[in-house]
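Letters A, B, C and D name the chains as they come in the text, with residue numbers starting at 1 for each one.
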Amino acid sequence: MSTNRWLATGNYFTSYQDEQRLFFTHLDRTILTMFLLLLFVWPLLFTLSNKYMLVIDNILIAVVAIIGLNIVTGFAGLISIGHAAFVGIGAYTVASFSRTLGDSHVIITHAWPLMIVLSGLTGAVFGAIVGLPAMRLKHLYLAIATLSFQMIFTWTINFLEFFNQGQTISISRVFWFTGKLGRKDHYLFWYYVLLVVVVLSGFMVRNLLRTRYGRCLSAVRDNDRAADAMGMHPGLTKVYAFGLAGFFAGVAGALHAYVYRGVGFESFTLHHSITYLAMAIVGGLGTLNGSFWGPAAIITLELQVETLAEHAGQILPSTWNLATALKPFSFGLVIVLFLMFEPRGIANWWRIVRSYTKLWPFRY
Amino acid sequence: MFLRPLCQSRNRIVDGAWAHCLHLGLENCLMDKQNSENLLEVNNIEVVYNDIIQVLRGVSLNVSKGGIVALLGTNGAGKTTTLRAISGLLKPENGFIRDGYIKFAGSDITNVLGTHVVKLGAVMVPEGRRVFKHLTVAENIRVGSITRKDGSQKIRADNDKMYDHFPRLSKITHRLAGYCSGGEQQMIAIARALMASPKMLMLDEPSLGLAPLLVKEIFENVEAINREMDTTILVVEQNAKIALQVSDYAYIMESGKIVLEGPSKELRDNPDVKEFYMGVTQGGGRERAYKYEISRCLQRFNRVQGSP
Amino acid sequence: MENRKRMTVVLSLTLIFIVAFTFQAQAGQTYKLGLSLAITGPTSDAGDPYSKGVEDYFNYVNDMKLLGDDKIDCTIRDDQYKTDITKRNFEDFLDQGIVFYLNYSTGSTLALKKDFDEEKMPTIPASFHAGNLVDSSYIFLPIASYSAQAIGLAEYVVNNHKGSTPKVAMFIHPSAFGRGPVSDVEKAVAAGLDMEIVEVVEHGKDLDNTAMLKRLNSKGVQYVISQTIQSPVATMLKDASRLGMVAKTFGEPPPTLSPRSPVQVRTPSWPWPRSTGVMIRLPTPIITPMALWWPRLLPKSFDAPRPGA
Amino acid sequence: MSYFFQLVVSGIVVGSIYALAALGFVLIYKSSKVLNIAHGQIIAAGAFIAYALTGWVGIPIYISFLLSMVITFFLAMSVERIFLRRLIGEPIISVIMVTIGLMSIIDGLIFLTPFGSVNFSFPQFLPQELISFGGVSISWTQLVGVIVTVLMIGGFSWFFKKSTVGISMRAVSDDQFASMSVGISVPRVFGLAWATAGLSAAAAGGIIGNITGLNFETLQAFGITVFPVVILGGLDSILGAVVAGIIMGVIQQFASGYLDGNWGLNGTAEVLPYIILLIILLFKPHGLFGIHEIERV
């Protein structure tokens, strides 16, 4: 490690511990701190409309979910086509309380941090249970096991009277120290909550990867037989991975329930699972910062395409379905182009940018 | 014609083998005049992977019709890359022939797709046997005939010929190839390649991971193929001893270059070859080997440092 | 989806009515409206023409100066049948300052009910689920709710049935709008409608309904009241006629693309009974009122009077 | 008892149509180890092309079915050519994601046509009468569906077992490098796999379209509906697809015949296949007929 950690411009690792530091240089840490500060401060400086606040909240919810998906699909290499169901488990944990106690019971409105953690734990339990087949199944067969879970989840929610047969179960606004949240500050308030959750989850995952278990994950992904030979238990590792993914998904689900003030099964269908996968891949599988890029990119793209389709609809005759067609078409095209030309996702651009600036001001 | 690549200034010869090379090269040149018809001509090729990693630095070799030629070298010398360059299989590994040319049976096959090369009659048996594990032995062999256009009659006849040649396979035609033993798998791989009725067969380390007895059997088979089917053979080996016994002519590679070549008989007696490739040392050999290793390490190190 | 052919006409007229009377507008004012619906995604076969109908209708209103100098500016957004996107669209519309909101699916209408009330935003959903009206004072249904329609059919069955108590089954979509009418019909039966509901069938993506129909038959079911989208009913009708039950439509003769005008839906190869209701008469008659939508009907009918068109 | 038999027969009929729809997955998976999520869209496209040819162009219906198979054959081949050829050698998950993207792209293209939002139906071309024996009845449409399925599946099994091209397609799925070394053109094999999958999809589309009518949502949903069939059969086995298809078909019919309406259950046919799939996978991790990966270290 270089003596001056402000001006270090290169790799000066002298031990493995060095390589596992959270921040390689003071500069890294300072930049990150500043960036986080900025994230906390900007809403105070100028206000966004409710729509865009909701969009940002939506991105952050997806980030939490994708962090989970990245653990199971990116770090452990297990394709999960049922992630929306895990998110749904979290949301329906909150919803069950609302259903049994009434939607404005004090537990829901005041003890919401507890509810969020509880949803995470429920998600983890279900994740581990769904992960059990991973002890035996591999590759696509496992992916289909998660798909089955998705289908069973949807059916159960849609069938059981307890879950209001899939119809929206409402959840009332929460209380903060200032009293009950109004409609105006609703999205802003949850923006801050989400931000805290995202930062915490980010650090959790970053730290997780530095532990023995984190290394187990990538070892199992790369070759589970070899990992077995090294004394790791591939099956259990996978089950843990599903459990962790379930935890993050559950947290995301609870947050979704609170932000949207209601839980309906339409938000947790197979289509959403696939969108989550798309987010993870566009962001960059197996990278932490990919979990941030992916949701941001996909949701922004959706918005942009929507605007584009609207403009196209105004110019083109309405008899032609072009504007309608444009939306799925361009959405699909972006995913395909990404995979064709940048299969490692946006995280790879980030990596390239970083490696350019890493040695700054010195060059090769 | 052998002199040209050897004399190029960028081909720094690794060790004291320089003189030998020049000497043998001249001699070969003269010898080669007698059976000068070259089936394969590799001229000074340079191969890069991913546009930056240079693996071959000007390799030239010739395979004359009907002969058995061996290409020897240690791990990472570039033998397999050479073979892949010839058989058009660099592309899947993101490799590319940047310089030089390869001619097979008169036509240029530099950077040509593998299918085309097979159609021209040069077939490779890949390293590590690579049989189709989930296909039966019979299906494995049949796949080899995919590029042939000369009628099912001939193909069927060839198919039978394979079983005559490898009687061991005729007993296990319906077994999945993945469950066959290593030796059987190697035979399947060779038979599969022969089904394309090649003019030249390229074997990539046929001895890899096989018991000595099996290695012997395989090489006997190779000789028989060469003899009976009039197939030219280019064999890449680490096992210099057996390769030099079987082949007529041999090249030795080192760090992406041919450092030594000559008729196998002569190479067998060459002290350097004996020392470095057959593990036989004569007086003080150990020390020399040690020094050589060090110099090579240094050289590699310099190269790594020097590269962008 | 959950639409009848004249639905948009009624809907729009009601809407104009509300708009015209709610806001005593000055001359030349523009009213902003918002419509969020599924142009793509599930049920887009109904949503897409619905959006065109609304668009054309407001063009018609503006062109014909039905509101005098006032104009209506209706923004139409696709929500892909997703509640999340509907909510986003609604927030966006609010930011744009709409005075009236048009919604589409049952799910999102129920999910956003509270928002409508909080924002005091009058809303007409395309879903006529009776449950929309519960605990809500800003959702309006311009025509009879699905429940009312289903009860109407039940009454039709009872009135026209000869003999003992008719046995009825309900064939419904596995969602809120499908299930909604069931309990209301059950209530009507409890209140004295002389009818027996033998079974409620929630269909899936079935390729073959033979088993279901045979089961209903063996339970003595005489009528089927269905409340769902087109495709499952079409498959069921085919299977029904295959089993020897003859389908018969009632209501208006539908517009057709084919020379074979299926006033009588007899042929299994003609899966789209193009009318508001279908009756299958077999050993026993089955009535299927269906939520049907014939695309393009509305624009066509408005083509003629439009100036310059 | 005839109720039971009717359920079995209906199950077999539905199951064989599932098998035909699943065949497309198997064909692509067999050679390139890719699960084509966009298969439902290709099925829909096949059905729409057939309708467009007969309904708008006026070609006789049988010929338009054949033509649609031919057109879809080349369409699928060009899809492979344009989108997937570059991805040879990329991780499988990326390739699967590309097919997900493809799903959206084809959706968009279909929304350009009237098929995206209007329902159509094939003109009727088969006899109306029922074929019944002993209280059990099926329609001509279904019978033709079963016959086409049997023909297609028989043909493809023969193709993969006996023809050199078929064997080499299996070889490519086994070891791409080795197959290149014997001169198989791997991209061409992939193209062929997609093309044959397209062909089978068009056939499936024609049959399903005849049964349910031409509704885009319904048709494309088949891509997902047959997943349990594909997996239960073992992903790369044609025979597996048939057996699993019939098992799933019969299970669904039994579910809706015996479970629905009793004990307050409903719509069990939607979920039961997945539950049974999970249970079977726990005992047979490679499906019923899937190839066990031969891992010799």
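A few notes on this one:
By definition in this document, a residue touches a chain if its C-beta (ideal position, glycine included) is under 8 Å from a C-beta of that chain, and two chains touch if they have at least 3 such contacts.
Just so it is clear, the structure is predicted and the values come from calculations on it, not from any experiment.
Comparing the CA-atom centres of all chains against that of chain B, the greatest distance is found for C. Located most centrally within the structure is D, per distance between chain CA means and the overall CA mean. Simply put, of A-C and A-D, more C-beta pairs touch at A-D. Computed from the mean C-alpha positions, the centre of chain A lies at a distance of 37 Å from the centre of chain C.
The centroid of the Cα atoms in chain A and the matching centroid in chain D are 33 Å apart.
Annotation: 74 Å between the Cα-based centres of chain B and chain C. Each chain gets a centre from the mean of its Cα atoms; for chain B and chain D, those two points are 45 Å apart. Within chain A, residues 158-159, 321, 324, 327-328 each touch two or more of the remaining chains.
Looking at chain C, residues 39-40, 44, 48, 174 sit in touch with two or more other chains. Those chain pairs judged to touch are A-C, A-D, B-D, C-D. Within the complex, the chain A residues that touch chain D are 73, 79, 133, 136-141, 143-145, 147-149, 151-152, 155-156, 158-159, 225, 270, 274, 277-278, 281, 285, 320-322, 324-336, 339-340, 343. Residues 87, 89, 92, 113-115, 117-119, 123-126, 130-135, 139-140, 142-147, 176, 178-179, 189, 192-193, 195-196 of chain B are the ones that touch chain D when the two sit in their complex. Residues of chain D touching chain B in their complex: 88-89, 164-165, 167-168, 170-171, 173-185, 291, 294, 296.
Only residues 39-40, 44, 48, 52, 55-56, 77-78, 81-84, 87-88, 91-92, 94-95, 107-108, 110-111, 114, 118-119, 131, 174-176, 179 of chain C touch chain A when the two sit together in their complex. Chain A meets chain C in the complex at residues 49-51, 54-55, 58, 158-159, 165-168, 170, 183, 260-262, 264, 266-267, 271, 306, 309-310, 318, 321, 324, 327-328.
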